[in-house]
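Heads up: the structure comes next, in structure tokens.
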Amino acid sequence: MTRSGALRYGAAGLLVVVLAVLPFVHRSVGGLLPGPINSPGSLQVLALMLVAAAAAITLDLMFGYTGLMSFGHSLYVGFGCYATVILSNNPKLGFALGVPLAMVLSVVVALVGNAAALRLTGIGFIMATLAMAQGFAIAVERGFLGSGGEVGVTFARGVLPDPLRGVLNTRNVYWLALALVVVVYVICALLVRTHVGHVWQGIRENPLRTKVIGYNVYAYQMAAATISCTLAAMCGVVFAIVMGGANPGIAGLHYSLAVVLMVVLGGRGVLWGAALGAVLYQFLNLRLPSLSSSDIVTGLPEILQIPLSQPNFLLGVAFILIILFMPGGLASIFTRLTRRATSKRAGEPRDDDGGVPATTREPNLVS
Amino acid sequence: MTAERVYGDAGPGLGGSILSVRDLHAYVGQSHILQGVSFATRPAQVTAILGRNGVGKTSTLRSVLGLMNHTGVIEFDGRQISSLETHEIIRLGLAYVPEDRDVFHGLTVAENLRLAERRGLAPDYDRVFELFPELRNRRGQRAGTMSGGQQQMLSLARALLHDNRLMLVDEPTKGLAPRLVSEFVATLEQITAHTSVLLVEQNLAVARRLADHVIVLSEGRVVLDGAAEDVLADDSSIRRLLGVAADHEEG
Amino acid sequence: MSTFLLIIISGLGLGSLYFLLAAGLSVIFGLMRVLSFAHGAFLSASGFASWMVLRSFETPSTPQLLLALVVSVLTGGAVAYLAEVLLVRPLKGKELEQLLVTVGLGMVLVALMAGIWGPDEHLIPRPVWLTDTTSIAGAPISNSRLLLIGLAGVVVVGIHLILSRTRYGLIIRAGVENSAMVSALGINVKRAFTLVFVAGGMLAGLGGGLAGTYYGGISPFLGDGMLIFSFIVLIIGGLGSINGALIASVVLGVSQSVANYYVLNGIGDVLVVVLLVATLLVRPQGLLGQKERLI
């Protein structure tokens, strides 16, 4: 292990430890969180940020590493979420059987959905994923299959195991979300370092060349997408536990676009970057409305107040600026800094998941 | 072999050259396709670029036309054109006959030609239909339904609608039946009598008949540059460079 | 029978709205390889523009309605022009980035509209004759539907005339096949790009104005809801094919309405997605799309 590698593992471990002890910290952080850090409200906000981070990491696996831009990640997160609640509420199954069954079904959905969507490539794939996710969103909004329509479904009384239930146990839920991020990150980080992961990155750079070398591009894409979407469904399971149920908000185009935005904001092709983007996104999204009703903002003229009270306005502007001027996302700031620091030491391998732009295509269409 | 010059020699100071290219570099994805190509063409002459598949012949043409990202100096008639857009370059008096014809399949022959008309200039349909009478009869036919040879006629016709200072012609005889090849070569000979041509060619026989000046590319670099009769004289070494077998020339 | 006709006409109306969005998106994609996620927001913004014109009248007259439609068309065009020049053009050659930037723009516009006018629907006053019905074969057909279908028909004819008769039409058709080769004939394709993007914005604008009169109201999210169905229309019809978009719009609009009425409300929307998946499996390039186009 190189020195910078050791440093990174150390920093990651430290971060996890710090996050893990947060539920014991009774401190107020201004208006940033709804209450003291270890209050149930704050812990739920933090847990949602962690779930978002995990979901963004899973999308980065297929988008940032394999070049498969999915605009339908909400299908898998949403399916995992709804299936968990609906199946667990079935008295014959309960939580203990409902969750595994939800995951099995999620794998099936991931296989079928990606097999269909991968019939198309590039922008066609984007639209296929988007449209299929939309089909699910419509079904859920209309309340088909016991999904409860616009209000969604909640876990029935007594379905959730005791340690995950109730305001007092929010910290257990928070730890579960933290564990989810760690598990998803470790799985993805290991995968992208294997031979398969390198083939994925080859496909991202140039699918045709990878095919010519003799790899079955479709099979590798299927693998990446299926793993990514299955892990996304796992995020949906935890989301259901954090929220105590499922609602259409997680199933629609808006959520799919949000995950894409998180990944691009943070830096595609960098797993921790995607997580960073997600944390920022989710924080702004959950907290901006209450922050913008604070005195600082209400004192501003209306022309400034309107945009500042709309999380999507600020996020959208940031997103556009990132695309125009910083294609590597926020992570590229860090990778640039560390590269400058390490470049002084000759002979050290470069950061292998540095901010590589996802597409390096020719400007024109002539072959 | 007095004409053999080392790569990079075709620098400035070539009086009368209509197109001069210096230190051209281009990438496709990660691969360095052009690694410092330099050459110059002369007015009213045919300059042929030869080389094996994938050495960067087409990329050279496409870089000249601004269809491909590149670095280096490209001067047309003494003017730096690297920073211009493709349509601006064309309007300086260039015409492009691309590899594999590239006519618009969904458009009719007449529409393909109309598209090639340039604003403010009178198109010379008489010349085009005199050279290719067949196109006159097929004006209403969709280009995509024509044979390869007919499409090649249309592709050339598009470039001949106006007088040009320089024509960039990419493998005009590729994939054509042998009988058509000699017909096309005869037509090209007529054209080249009064227009400068930069020709990419794989067929050595065609190059011998048309070219006054030959540039041989190998792995993104110019390895031979000189008068056609000198460069093409040494049969065995040119065959080695082009990777062609003896029977290839029979066509 | 008259009910059936009513359902068919209402499906055609829906299809007309999809087509107004999808036609622009299809040509934009064909020529520029840009899939615009912002045109839904353009539609909503134009709807609000027509609302601003009409809200001051209790029952607007026909000329006032026409004025509102003109304003919404111009709004759609103006917003699209700014978007193309400021955001899409600087990213030329980067298809994914261009797509993402339109996603961002759509978000920003919708958020702005929601911030300014609130997330709820605003009612749009309509001329009296527009809320009336006309009896066709015994079926009472709403005039707003007929207006929508009629204008969509005019747009279909207009697009075909422009594509087949004008030089710009020629440039667009050729550019859909190979835009680089068009520029290699000495034609400024960039200008055609802007033109097509703006024309798509104007069609979305018309859609916005008409959707307002059709639904009787406008909300910031109206356009995005229609955008998704327009995307489905694009895939089923074949990306880059106007005729494909036309056929798919009609098929989708009608089958959606029929299923929603005769089977179960809401099932039509799901049926649309089933049609989509079936298309992807059987004919991934769409009805009239070309196979190599997506690879």
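Labels for the chains are A, B and C, by order of writing; each one numbers its residues from 1.
Operating definition for what follows: a residue touches a chain if its C-beta (ideal position, glycine included) is under 8 Å from a C-beta of that chain, and two chains touch if they have at least 3 such contacts.
Not measured: the values here are computed from a predicted model.
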| item | value |
| --- | --- |
| Contact graph of the chains (line, ring, star, complete, other) | complete |
| Pair of chains joined by more contacts [C-beta pairs], A-C or A-B | A-C |
| Centroid distance [mean C-alpha coordinates] between subunit C and subunit B, Å | 43 |
| Whole-Å gap between the CA centroids of subunit A and subunit B | 51 |
| Mean-CA-position distance for subunit C and subunit A (Å) | 31 |
| Per-residue multi-chain contacts in subunit A, two or more chains | 362-364, 366 |
| Numbers and ranges of subunit C residues touching at least 2 other chains | 178, 180-181 |
| Per-residue multi-chain contacts in subunit B, two or more chains | 67, 98, 102 |
| Subunit B residues within the subunit A interface of the complex | 28-30, 62, 67-69, 98, 102 |
| Residues of subunit C touching subunit A in the complex | 29, 33, 35, 87, 90-97, 99-101, 103-108, 110-112, 114-116, 178-181, 224, 228, 231-232, 234-235, 239, 265-267, 269-270, 272-274, 276-277, 280-281, 284, 294-295 |
| Residue numbers on subunit C that touch subunit B, as the complex places them | 167, 170-171, 173-174, 176-178, 180-190 |
| In the complex with subunit B, residue positions of subunit A that touch it | 205-206, 209, 360, 362-364, 366 |
| List of subunit B residues in touch with subunit C within their complex | 65, 67, 85-87, 90-91, 96, 98, 102, 104-107, 111-112, 114-116, 118, 158 |
